[in-house]
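Here's the structure we're looking at; comments come further down.
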């Protein structure tokens, strides 16, 4: 995806391409930076952990175990995995995965050989050679990538040991945790009971009462804040919030394994929002993904294995109870991420163009792609403007792809703004200002990351 | 949004830009034209009544009372309001509001200073100077705007005094009422009971029976027709119609404060359609807006304050009972307006491409914008053609923005048709003919406004 | 729609425009090729059977009987019908129907006069002259069109006599049946009872048990396979599948006119999928069309008369039970066709990018059009790639329009791929390879038509 921009778009891209990377939401492992060990091998880096990659191969009949995925894939030969991937490289034509991986190979890693079935071994060897170098260790890459700040996603019960280690070492990289409490809020989570027990142990709070439960949650939030967190995150299938008149009673039923899980979780989202008003953590809701729709794959390979599928989402009615309680706050920030693009123009843009707390998150997951980004701008800006957007985040666990993803976003921003100029919406000066907002400033603001 | 069109698009725009304005649906106040008093001040004209404007400022933390809105805003200094608006002018980059307001300022009012925080006072003064002139009174502007006809929207109980005054004065402007009966049809309206009582008083009909109720409605429709009305209008959140087997019984329950409000309202929409078959009034349905979702704002500022949010809409099942009774009529016209763009290609275009009565209304509200209009043409024309569209209407209470809105539509029409020529759909001659249809003729036809 | 492509798009189109036509799904009548009689007249060929045509005319007030449609249209003068159509030719501006019919008239039939109200008789005469020639008989046109294979759609009880006749004659054209069993699977079909009785008679199976019913279905599938079928087809309004724990009990209730029709049909879809795993027939599901919404038209003119309207569709939850049973099969192929374009990016592309069995069918019905095809590529490719698509099918009963429809698809493919090159997705060589996939190869593969 390089060398394609011309004219005004190229100029706007030049204006922002070298800005630092602000990465306020993603799934990198903080222990990479705490330990700074070399990445192991090309397959473990580029194929095995990337659900965009193995889902496509699986859809065309490739056995996931042969790709080294999951328990069955343990012990797969990395070189054989990489060959199998290269054999199916044509499947990715037209997908952002191909764009990202090409950027990683040819720009980030400086591989000089084009990937194809015939060059799999040569490319594998070149990548492996790079990974063995000291200048390709996680911290060195982080610095070279010009990452200003990187937020990880961490369970509410995480001790944040890696984050503490990063803070206490002599490396200056800014890696922050994000508070992801779904495991201790959602009674539908199979581990909910044991999570609550651990929450009680960790906090020393008395979880036999609802008040104690809230106190434990507040304590965990405070702990995350003390370790640098500026945001929380929730992933929910159906967007549902409701305010219970007697949460204590519901809590007691939930504790005994009964109760209404959806109602309780919907209530707790409002409690979380109210705590955000108090403690200032920006709240994120990723809504509308139906998880683990393939039972066979779930049983054999576990979660996050490519069978999470979006469903239609009703943000208006789903969020109404939450917004009625806290939506008029001017200190609260709530960022919404959707997989149902029909809600961009119909729901999210009108909502964000009214409620002071709301920001629209960037195109997420399947829609973090050139056409997806174009649809996003086309459908949100006219109603919400630019200042109700939350900028970009890469949302990735593929560390090496972070520059590729931000670069793609910045190219798409430049193309969008060039088109806006052509339509007469505004001139070059305004476009440059908005380009910088979209590249870095809106994200810093939405997540409270400015220093 | 000026000076941007080139080539064929510019030529097509030139072909239609000076056609008269046909404005068959909107929310201007007829008393402006009955009294012809000068507009009071720039804030009262451009900021305070425009929910597109204050919703955006509110979404970024501006207090609505400081903008002069609502009871709490009474007595706000117009100059201070205008300054606050100018301070946030950058928020509107990329929105049609900015395009419209720029058109109003620089073209309609001839202001020579670009609006910015630094120029707020200067621009305010220049606008105020214009408004004081005789040639900027409502009737003079109406004539200068080359408005062929302007329809207002009037409650069923309105005495249409302003309309009578306009008709009886020596000014020749054509201002027509539109029959909006929701207040006397929807038992869910808090004022329904008192409205019905007033309907009985006004008409002298006996509303103790369903037959008397229908008679009163017929009488009000006839009164509106006698004052020039050619259309009715309904605004409903969920599109629902049904034909009751015993409406009398339901009516009696409703009168006693019971009954099924949705069923009754759904039935009355069919009765209205049947009356339209009899009396020739074009029927409009604006569907899918969830009103007043922000209870705090509703309590403090009232209705229409920016918290109306679209929801997903099912036109197919919702209208089926109505269409089964009157949809095959070739004299009945029913214009549908949606806020759920997913229904353009999926529902409205196939429906309008079959049922003789149906016309698709132009992009409405949040979608009356360059990208919104492009999506509309992209998604409706291939299935419905052009002749099943209802042309354009501005749907505005911002009188000064009417030329801006029609101009933007005509520019977008020219761009769309230029693209169709490029795709080989048709040649320049057909494009010019369609341009005129979309600019004026289809609206005249759909609303029966030809003389 | 000719002569419009330039540059890379024109070159890509040249690369594929003369490839043979692979038509794996449509509604041509096999008896045309078995008997090879001349087509009767221009109205019977181009107007009366084309619901795209008469629905548009009906929507603008034309009486369908005057168009020769249905029982009331019997005996209409073909010339008068054609004149009425020509009088309204302007209604089709901007629709694919106009593009297709122009292609048929000016390229396929070589008519030298442009269709208009004034030329109706002249064009009628020229068409009639062509149809009388031996080189315009069905088989000659089939050969001239360069059709490699044409699949029809045939009820499960069809004796496939025409197909047998085609196979046994000396003409080499490849015309195959498709197994469409809805009439013997869906208890909601008014003819279900009599269909089941005929199924029992035809197969000699004992349909008093569920096992016998399954056996009869297997027998019919085998018969279709023996006559060349490679696929099945289902048309359902609401996508619903479920696996019954006791299908025998449900079957017995259904046989007595009771039971749960939706549950039974949803179960039978899974049985069909399982039989496909066994016998290799590719399964097609056309979902989301609400049939016969206009009761008056249904009563007077019958089915397929233009009042079938799409509704919102939930493929994720609807197919989940089926996919859980057979979705991980690498030999099973299931092609999904949607009329709800919101499911392209939200549901179908993520699903097809995971499940080995799934392929996304081409834009269907209302969306088989230039803008519809552009939206399709824009929304499916980035997530599903190209190899999870099923290529193109024309889905038409208008035999003469087959070259027009494939030509339009190929032009749109060329435009799409040219745009992808411009965006930097891939180069010319890859684009040429993908163009051929989309024109012919993916369809051959998805339907098992390669020889």
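A few comments on the model shown:
We call the chains A, B and C, going by the order they appear; numbering starts again at 1 in every chain.
Note that contacts are C-beta pairs under 8 Å (C-beta built on N, C-alpha and C of every residue); 3 or more make two chains touch, one makes a residue touch a chain.
Computed from a predicted model, the values in this text were never measured in an experiment.
If each chain is drawn as a node and touching chains are joined, the picture has every node linked to every other.
The angle needed to superpose chain A on chain C by their Cα atoms is 120 degrees, rounded to the nearest 5.
For the touching copies chain B and chain C, the fraction of interface residue numbers used by both falls below half; the interface is of the different-residue type.
Centre-to-centre, using mean CA coordinates, chain B is 41 Å away from chain C. Among the residues of chain B, those touching two or more other chains are numbered 312, 342. Chain B contributes residues 312, 314, 316-317, 320, 323-324, 327-328, 330, 342, 345-347, 349-356, 358, 378-379, 381-388, 420, 422-426, 430, 434 to its touches with chain C in the complex.
Within the complex formed with chain A, the chain B residues making contact are 1-4, 55-56, 58-61, 90-96, 98-99, 290, 293-297, 306-312, 339-342, 366-367, 369-372, 375.
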